[in-house]
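Going in written order, the chains are labelled A, B, C and D, and every chain counts its residues from 1.
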Amino acid sequence: MSNMAVDIAGIRMKNPVMTASGTYGFGREYGEYFDLSLLGGIVVKGLTLKPREGNKPPRIAETPAGILNSVGLQNPGVEYFLENELPFLRKHDVAVIANIAGNTEEEYCAMTEKLGASVDGIELNISCPNVKEGGVAFGTRPESVYRITQRVKACCKVPLIVKLSPNVTDIREIALSAEEGGADALSLINTLLGMAIDIRTRRPILSNIVGGLSGPAVKPVAVRMVWQVAQAVKIPIIGMGGITTWEDAVEFILAGADAVSVGTANFGNPFAPVEIAGGLKAYLEANEIGAIGDIKGKVMI
Amino acid sequence: MSNMAVDIAGIRMKNPVMTASGTYGFGREYGEYFDLSLLGGIVVKGLTLKPREGNKPPRIAETPAGILNSVGLQNPGVEYFLENELPFLRKHDVAVIANIAGNTEEEYCAMTEKLGASVDGIELNISCPNVKEGGVAFGTRPESVYRITQRVKACCKVPLIVKLSPNVTDIREIALSAEEGGADALSLINTLLGMAIDIRTRRPILSNIVGGLSGPAVKPVAVRMVWQVAQAVKIPIIGMGGITTWEDAVEFILAGADAVSVGTANFGNPFAPVEIAGGLKAYLEANEIGAIGDIKGKVMI
Amino acid sequence: MVYKDCEIISNKEIAQGIYELCFVSAQIAEAAEPGQFVHVKIGKGLDPLLRRPISICKADAGQGVISLVYQVVGRGTKVLTEYGPGEVLDVMGPLGKGFPVIEGKCAVIGGGIGNAPLLELASRLRSCDAYLGFRSQGYKVEEFNACCSQVQLASDDGTTGAKGFVTALFDSLKQYDAVYTCGPKPMMRRVKEMCKRDGVKCYISVEERMGCGVGACLVCACKTQAADGSLHYSKACKDGPVFDAEEVMLDE
Amino acid sequence: MVYKDCEIISNKEIAQGIYELCFVSAQIAEAAEPGQFVHVKIGKGLDPLLRRPISICKADAGQGVISLVYQVVGRGTKVLTEYGPGEVLDVMGPLGKGFPVIEGKCAVIGGGIGNAPLLELASRLRSCDAYLGFRSQGYKVEEFNACCSQVQLASDDGTTGAKGFVTALFDSLKQYDAVYTCGPKPMMRRVKEMCKRDGVKCYISVEERMGCGVGACLVCACKTQAADGSLHYSKACKDGPVFDAEEVMLDE
């Protein structure tokens, strides 16, 4: 029996398969398909201090092997989450990570304080391309990544995961800034900034004009970034970007991920994360690998 | 009869469809399938001052709706090109653009001088991810983009096109640096840096470890960058990245491209650029658009 | 809510560019409410990537068969036409909130492919008139005839019924206790206005681009107005696709 | 060089995991040289994106039929098995440089799926012995019997012929004027060495991952040594897939 359990900077999970923020709501919907306790962790939809309505539709465009989305952080706010969504999630044996986004450092800190120790970890979304007020800026400059990480870390009672944007010249530099700022773990990648135009109407398909690219199309970029970051930092890495099959998950783990998140793939197959966890376990056993951690970063160069 | 002709900073082409550097050799091979004079322009394989053997195989990996390549600029050198390849291309009524790559500014200038006015334009490849000695660095810092553009422009007898790397935080900034440095036109995007791992062997599929991602998968990123750059600069733009159908070409032109290049799509369909040119013409006529330039940048925001 | 491969019984063109696909699923046929949809994976690979939402046109609980009527508009629906009997289709459903079935005298008003989701509803209503608008050729008209008191037809080019908009087939909707509509936005907007004017309850089925189809990703936003007048984005897939006309905004 | 949709005549499993696909193309059958390949687009969409190179196993110029023998290894070859008679396949070919057909006494030495490209060659050689190695079950053995003076078999598990490597079937190759080989690299390396030792001309067919298949993209690099000893990357698709053994490096 191979050991599938992982410990991401103190967040214990029975297996390394999580669901990616924004693709899984607060777990309720997919919870109708299977027992959420089969998952390692659930990262909830990006939360803001106050409720947000998000961007105008259309918010999604299908692209070759990918999708663009411009949801714009529609969410009921951190307080509603604590009162109405977290109790449901807590009925399951699964790590719950709150993904948070703000327009100012103060907002990030206020949310972190409100969340306290009620969740198993906090994921700092400093990379959402759909918030115009400053969301992107936070994640693309090393100095601001360092500063916001440090400030949030100071008031964070649970492990702090910093989620990185792929829309940067040098992902290592950003990752190192987060690590120096005190991040307990990193997650990557968020979406690549993209655009699609409907040639009949001559308008952008997304009413927000640009959106975030995710799905299989981005996998090679994500694997490359996980590999680069894994060589630069010492903290654990949660890898994501196009993971659809257990083979994809193995690829990310070999590149240097400690755990993986499944996002867009849920839309095609609600059982994707469960099947991936099952496939990983079978892979370990077939190859007589004692524990999932044994293959972390073991790509042979 | 709609007018398909375009003038890219003095490079006159009968239609706006070109073939992308590195995917079309020096034209000979696809010339066996159809008359190359049907194309607007041909951008030849990236040239270096001296012949180069390129990277070890495997040099290609298939990814979802894309490919990774790590050819590493295998080419016979600029002199061989002038003596043995250019005369063949010159037998056709098609614009010939030389794509050049160097390790130092001096190399770029030496090549530009050797090429003189023998070609219709020079495309400065400062963005190839497969040359380690400095190829990437040139294209990702605004100052170095400005400087190399300025130096090459000073010795360039034909229109100078600067080809931009998408692996940057802010493509506008880089585009503006090239424009300020004296670029006559811009082309984008080159490939996105990516990686793929064979989980059976646990080795990277490419022996160069990382490679450049191209094909339909990158189209949303390319369209977004063309749109961003078109708003920032005044010089013409050659758009590319995943163009496979005439509809894709229209999308790039609406986003702000004056001409388009077809790369990876050639591998699936040798007639792709000819079919795209035909489709564009039919589109213009069906929509009673007088000239291809009339829809440049006409996406409605 | 079911997720599985269902065997296809038939897949045929029933009007120009419009196909009917029937597949076997006792569970979906049993559970389906009129106006609900299924989320269909077309093809086995990554192209196309997303599922396609298609309304349930008929649910035959006795036979355990679901009928979908779809129009070929892009790559997904194009590839769907290539499926043949005996092949299996990967289907999630029934999804969303359907039409409430009301006792009184009702009307269904459909336009284009929007007629399809109204058939199962019409067959469950005690008393129903149908106003159906087509671009050109009609489809499923006999089935509407079989379950409606009255069926009136219109088409853009006059091929089927009167030439013109379906909304020109009636001056008033006062005689109805409830009106149900599905079709192009301008048509539904007109129906909504008339119902408001005539004080008739109205239900509208909307279309938005979808990702998950189950309420988890928030891409299918549809603007709605709460009782207090505040505006929100509801989920077309979970809170809809059917909304009370007073609630849904139908703005561009 | 042809590029077009060709009608499939048959597509059947001929050994475990190994299929033979026959399609109609008078032009390719006419032009094909032994050892050349065709570049096949599998599926209509973007998945998989690249064409797949498959060697011509038999080219029947009389009937205008090409036979391909392929092994299911990944997604592309998997999807290829789903094609049926009457469907069309998008094919470019014949491509590359084939085996030179030599007058004297020759041997073909194949391993695994590498036996397939040797059949057309064997049928054109005046005098040919065949040494064929399989993993387990053999295929096309009768066809080799029909055109070769002698056929010797080996397999990894002993199911077909002798148990062991195909290269264990002979001690010397001195009796031959030329040897042709295709199969796993270690096998071909051994054959190359023996030919060198025995002073026999040897031709090798290599496999490299391909993009364009026609010589335009340079991804299919194969290390070769020029007469002056200098090393270069040749194009497996255009300069090969068949190389003179003295030229090709076969290093890892």
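Note that contacts are C-beta pairs under 8 Å (C-beta built on N, C-alpha and C of every residue); 3 or more make two chains touch, one makes a residue touch a chain.
Note that the structure is predicted; figures quoted are calculated from it, not measured.
**Student:** What's the farthest chain from subunit B if centres are computed as the mean of the Cα atoms?
**Tutor:** Most remote chain from subunit B, centroid-wise, comes out as C.
**Student:** Using mean CA coordinates as chain centres, what's the gap between subunit A and subunit C in Å?
**Tutor:** Result: the chain centres lie 35 Å from each other.
**Student:** Counting only Cα atoms for the centres, state how far subunit C is from subunit D in Å.
**Tutor:** Comparing mean C-alpha positions, subunit D is 55 Å from subunit C.
**Student:** Could you state the distance in Å from the CA-based centre of subunit B to that of subunit C?
**Tutor:** That gives a centre separation of 46 Å.
**Student:** Specify, in ascending order, the residues of subunit C that touch 2 or more different other chains.
**Tutor:** Those would be 46-48.
**Student:** Hunt down the residues of subunit A that sit against at least two other chains at once, touch-wise.
**Tutor:** 61, 64-66, 215-216
**Student:** Classify the inter-chain contact topology: is it line, ring, star, complete, or other?
**Tutor:** Topology of the interface graph: complete, with all chain pairs in contact.
**Student:** Which residues, counting only subunit C, touch subunit B once they are in their complex?
**Tutor:** 46-47
**Student:** Tell me, which parts of subunit B touch subunit C in their complex?
**Tutor:** Contacts found on subunit B: 64-65.
**Student:** So in the complex, which bits of subunit D are touching subunit B?
**Tutor:** Counting only subunit D, the residues touching subunit B are 1, 3, 41, 46-51, 92, 208-223, 231-233, 238.
**Student:** For the complex, which residues does subunit B have touching subunit D?
**Tutor:** Within the complex, subunit B contacts subunit D at residues 22-25, 28-30, 32-33, 45, 53-62, 64-67, 69, 71, 74, 215-216, 244, 264, 266-268, 270-271.
**Student:** Can you tell me which positions in subunit C touch subunit D when the two form their complex?
**Tutor:** Where subunit C meets subunit D, its residues are 43, 45-48, 75, 79.
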